[in-house]
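The following block contains the structure, expressed as structure tokens.
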Amino acid sequence: MTLATVPAQHAPAGSRAALSARGLSKSFGNFQAVNDVDIDVHHGRIHALIGPNGAGKSTVFNLLTKFLQPTAGKIMLGETDITRMDPAHIARLGVARSFQISATFGDMSLVDNVCVALQRPNGLAVQFWRPLGSLSRLRPRAMELLGRVGLADMAARRAADLSYGRKRALEIATTLALDPKVLLLDEPLAGMGQEDVETMAGLIADVARDCALLMVEHNIKVVADIGHDITVLQRGEILTQGSYAEVSADPRVREAYMGAEDDD
Amino acid sequence: MTMILGMPLPVLTGQLLIGLINGSFYALLSLGLAVIFGLLRVVNFAHGAFYMLGAFTAWMLGQYLGIGFWGALLLAPLIVGLVGAVVERTMLRRLYDLDHLYGLLFTFGLALLLEGLFQHVYGASGKPFSAPEAMKGVVRTDFVTVPIYRGWVVIASLVLCLGTWALIEKTKIGAYLRAATEDATLVQAFGVNVPLLLTLTYAFGCALAGIAGVLAAPVFQVSPTMGSNLIIIIFAVVVVGGMGSILGAIATGYLLGIVEGLTKVFYPEAANIAIFIIMAVVLMLRPAGLFGKEY
Amino acid sequence: EPYRLGVLTDMSGMNFDLSGKGSEVAARMAVEDFGGTLLGEDVEVIVGDHQNKPDVGSTLARRWIDEENVVAIVDLPTSSVALAVQEITRQSDTALLISTGGSSELTGASCSPSTAQWTWDTYALANGTGRAMTLEGDKNWFFLTVDYTFGHALEADTTAAVEAAGGSIVGKVTHPRETSDFSSYLLQAQASGADVIALANSSGDTMTALKQAEEFGITAAGQDIAGMLLFLTDVHGVGLEIAQNLTLTTAFYWDMDDDTRAWSQRFAERMDGKMPTMVHAGVYSAVLNYLKAAEASGQATSGSQVMETMRGMDIDDFFNRNAYLRKDGRVVHDMYLVQVKTPEESKGPWDYYKVLRTIPGDEAFRSVEQSACPLLDD
Amino acid sequence: MTDGSATPREARGPAQLRVRGLEAWYGESQALYGVDLDVYPGETVTLLGRNGVGKTTTLRSLMGILRKRSGEIDFDQRSILRLAPHRVAHAGMGFVPEERGIFASLTVEENLLLPPKVANSGMEMSLDEIYTLFPNLLERRHSPGTKLSGGEQQMLAIARILRTGVSMILLDEPTEGLAPVIVNRIGEMLTALKAHGLSILLVEQNFRFAARNADHFYVMDHGVMIDSFAVAELPAKREALNTALGV
Amino acid sequence: MIVAEDYETVADSRRSHPAQRVLVLALIGVLLLLPLWVYPVLLMKLMCFALFASAFNLLLGYGGLLSFGHAAFFGGAAYVTAHALKVWEINPEFAILTGVGAALGLGLVIGLLAVRRQGIYFAMVTLALSQMFYFFCLQAPFTHGEDGIQGFSRGKLFGIVDLADSTTLYYFVAAMFVASLFAIWRIVHSPFGMILQAVRENEQRAISLGYSVQRYKLGAFVMSAGFAGLAGSLKALLFQFATLTDVNWHMSGEVILMTLLGGIGSIAGPIVGAGLVVTLQNHLATSGFPVTTVLGATFIVCVLLFRRGIVGELRHRLPAWRRK
């Protein structure tokens, strides 16, 4: 099986990263979960963050989106320093994220789930005096997004009734609705069936053309196929960075993460 | 006479001690509330009613069976605990799978029902109840005046609080209970008889309120509304301490008792509000409460 | 259609013991004693529980008046409800016979020509106790005052009476309503060295304070305690052990003479042996006298005319001594300063008071000059 | 439903777990429509199927966590359909849920020690053995359970059951979200458990992992079993599986 | 999440059916004619409480926040309106505006503190803060303690229309009532209402979509406080008094009962519930049953057996009602 491989263009030299962090650190009490991490995510490129469980990948995500407050370090979104902003504000600046444990609006239909995400970018967030009909212009787009993740035929179901894998797909559709400048996906493919993995990976590769994309993923095959830049994290620190070929050749990475990956 | 902050020393130390005594009741009640909340995720609005039930049971035991204070101290909490167990078994447990707020609403109704019933049967002005003969009288020294009975209450409540804390934080039962709070089904799937555990917990929390009621009977008027006046203060104590934190409930109970006692000296008009002001401040600075953790 | 008397009371709340069911019984007794008919029509007693909510009380009162031919509304515990209902009866000119409601406002600035405040008011209790006790020799007073309008009014009235009688105020402390612990306040009161500690608060607070005063051995150490607002049922509630030696003012005590005993026995038979409080006796007396006055005035629809007739009547009975109805609605009658017996002195249940002195009505109640009632102006 | 390898399996004696005609409902909506399933002693059985076909629901029904169901469930020749979940556990069945179910208010070690010993199958591990198997847990043993990373939590969830002495484990997607090294380690662990004689009912999306570890396979679709075959038949089934699962 | 089990999702009611419009118009018609048969004061009282419960439901049913302190806004506004009418002697419309303004202000203060917490914590914090406000009202001289503010005239609306006549007052109250309900309905079924529901469902997710959830919750809280205040002001105008009962926490409990009894999360639920509780209170007043006990028992039965409330149960039982 093969995936539509995106040609790996190199980041234009000297181009500013869409999202970058310097010296990012986070400790929980005495425990140093993330230590002095530098990371750059460029427009049009997929940056994969991999590493053993507990390496601090989700924590880095939470720091970048300010769901956690870094103990040290600086985060820049293009020219803007976002180190001190609150998470909703950062989201409004165009940084969208998904959650490792899926987060959906359980009691709402799938299409409403996506509509909610579409409302703010379309300037329909605080109008308590306008009828709901004003939202109907968002529906075609919402349906389109659901279609992209293969959920169009269940658009009217309650999100809470979905199986685990489909919730993850919904979550991605919702995230895409923000038309983000920077997209952060935490294990987007976890819990998906093999077939869906392929579609979804294709989708991610597709989306990444128009934004900067950082993802955490344990599915090495997908990472190899669509990732441009790879950062390997171990015990909160960067073990190595580079292309998949470079990184996977590193014996430290093989030992810490991939194990004796058999190639059947 | 030594003066501190414009107060004679005996008055000041006296107030501190009295604050501690009130704190004992706060601690005991908020402890029970915290145990029930911590493990069942039910805000037991009926806690004040169970406290009242404890006091009334003590009175009834004396009135109809001639059982004295010490007997009542033993029996009344058992009876209150039993009532709690029945309530849990027959009604409360149907609400566990629902939003926690339904537990609050249910116990609110229960509180109204119990208070209404007692008011209907025994009237509003309450019943007399006195301390055991051996504990009457006052200790007077240069710095304090303490009724003996109250001194005893402080000690009893300390012992109960620490005992409960040890039971929950230091034993396996405690671990089951804490785990069951988060995912009762799973704990049950591990082979623990969770339904029984929950019944016992609710009964235990209610029994704690019952003990507080018996202890309070000689100090406060035994009346149907004695608990409803207290319950909101206890809520504030639990919020300040950090919901579900056993230690937080105990420490904050004593602390607020003392703070309240001091307000009564320096600015009595604000004594009722003091607790709420503290609560507001704590909420602004530490939304999870003094001892609370944010998960 | 029969004439109806509506007993509007508290059947489920904190006034249940002192008024509640007993008020209903007393009203029924009065109607029976009167013969059960008024101006040739039957008289019926109906009862409403206002739940201490003014809106429930006033909605009910309105319905009674408009739809159920209620000619007089009786009892009215809780001053906010009493004031609200008084507005309604003033508009419809219905007789309002207040026995439990004790706010001085009812016959003060808010007075109404169709109202009679029968039994007591806060002024009378405060003033009666303050004056009488000071005359008995308790010169130095310390106040424990509940911190809202009611408590401040009680305190002010008592202070005036104490000072007029030659006493002085040595200190005071205000406490919030529904305080569960009075020990700090009591210690301050004790430290003040006053002769009397006056409890300017009401039922629940008063009882807790009494209980804790006993606990701290305050009375044992020689200070007197005066309750500004206490009913017989309150004393029954705390028990003699705790209430003993407490001094207070009351409009009625069942064990004063043969008349009071005879009526009270009849009452107790219908109330499982509970003796009447002053408001129960007041309800009886108010209803009976109202019926007499209505009969005499030849009509029952205009409350103010019935009251006018009553003003010309002799309204003395076992409850009212030297009584008359004033223009502001105040029924002026003798009050009594009583002391609570010790457990040793008491011969049985409900044997609680010994009468210290009789306070003549004109001395006990607010004078016409002091009243803010506009009806007194003309 | 085909059962190609009936003879060798049944030669092992009576099935340890025997399920016939299991139906289950979430409220009004039916999720299982007559599921048949056998697990023989010491066997590792894998349940395959796309998202939302009812794999998790099957496990929850077996454990008795999902109460609204009908059919036959026999465990060690005893019906457990009517038993409360804690009784099922005492019959010797252990459960590792999909969402892991790590307790936030307990430390890692408390989480480990939480499940009581329910049976004496001789397969229980000591704490030391567990820590040797999962050194990450040793390192973080005093942190609150949910402060572990997703993968660490998964290890903890499995490790927790190993102490209790159950004779059968229901494992719901144990490799979900795990790094390849850890997946390998869990594979080794399953082999070790099997060597101990434990029976395992595994729900898996990771087909490669399942293929390496299982003796027998079931395939589910829309709440029914559509296929059942032994590991030996796997090569022959590849094509069919490809269409059924998109493997 | 505390919602009626068959919660009317925003999407369901997106299109208002023509039949619904006819029904609403018919109901308004009935409202206009009702004083011909029913006692107007009772009707007005019902409307005040129905509005109060609807305001409460705006927060609970659609925002998922259970406030145990709504009496503060209801009673607080009643006090301010009463004071404005009695002491400042301003026109009733301004008195009501001041009352609502006070409720909004109080809502902002209490809301700022309370929205930091969720669920049960939120309930307890609002309870405690409103109790603090109760003590303030008890002690502040302008409320006249136990007596309350009593005996003022209703004044002339815009200086022209005399409200002393209860039929005139009735139409004024009815107009305010219908307008407020429409406003609440509009808020719930608006883009804002949609986000509010999303926040209720999953706060973290809503944040990650760029919504400042605290502001949405605060917004809903303040709006709810404002409508509760309007209900309180109207009640003060109607009865011509404002007393402690309306700021007491029992009132907060009662409004919860009304909403729960009628059905959470629908427009009709709180109205039905309020009607029932008020009627029940009036009826029990002369029945000889102990009121608190009966209310307590009703509460328990509702929570255990009829969580959907009357309206919710009806909808559930009569499938024809909820045409798809």
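Per-chain residue numbering starts at 1, and chain names A, B, C, D and E are given in the order in which the chains are listed.
Criterion: a contact is a pair of C-beta atoms (placed from the backbone, for glycine too) under 8 Å apart; a residue touches a chain by one contact, two chains touch by 3 or more.
Per UniProt, the chains are A, D = ABC transporter ATP-binding protein; B, E = Branched-chain amino acid ABC transporter permease.
Keep in mind that this is a model prediction, so the values were computed, not measured.
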Chains in simultaneous contact with chain D and chain E: A, B
Neighbouring chains shared between chain A and chain D, ordered by label: none
Selected pair, greater C-beta contact count between B-D and B-C: B-C
Distance-maximising chain from chain B - centres being C-alpha averages: A
Cα-centroid distance, chain A relative to chain B, in whole angstrom: 48
Between chain C and chain A, distance of the C-alpha-averaged centres to the nearest whole Å: 75
Distance from the mean Cα position of chain E to that of chain B, given in whole angstrom: 33
Residue list for chain E, restricted to those that touch at least two other chains: 1, 135, 139, 290-293
Two or more partner chains touched - positions in chain D: none
Residues within chain C bordering two or more other chains: 12-13, 147, 176-177
Which pairs of chains touch, using the document's own definition: A-D, A-E, B-C, B-D, B-E, C-E
Complex interface listing, chain B residues touching chain D: 172, 175-176, 178-179, 181-183, 185-195, 295
In the complex, chain E residues that touch chain B: 1-2, 66, 113, 116-117, 119-121, 123-125, 127-129, 131-132, 135-136, 139, 249, 253, 256, 260, 290-300, 302-304, 307
Of chain D, residues touching chain A in the complex: 26, 29, 50-53, 56, 98-99, 136, 140, 143, 147-152, 154-155, 173, 176-185, 205, 207-208, 245-247
Touching residues (chain side chain E, partner chain C) in the complex: 39, 41-42, 45, 135, 138-139, 141, 143-148, 150-151, 235, 239-241, 243-245, 281-282, 284-286, 288, 290-293
Residues on chain E engaged by chain A in the complex (per definition of touch): 1, 3, 7, 9-11, 13-15, 186-187, 189-195, 197-198, 201-202, 204-213, 219, 223
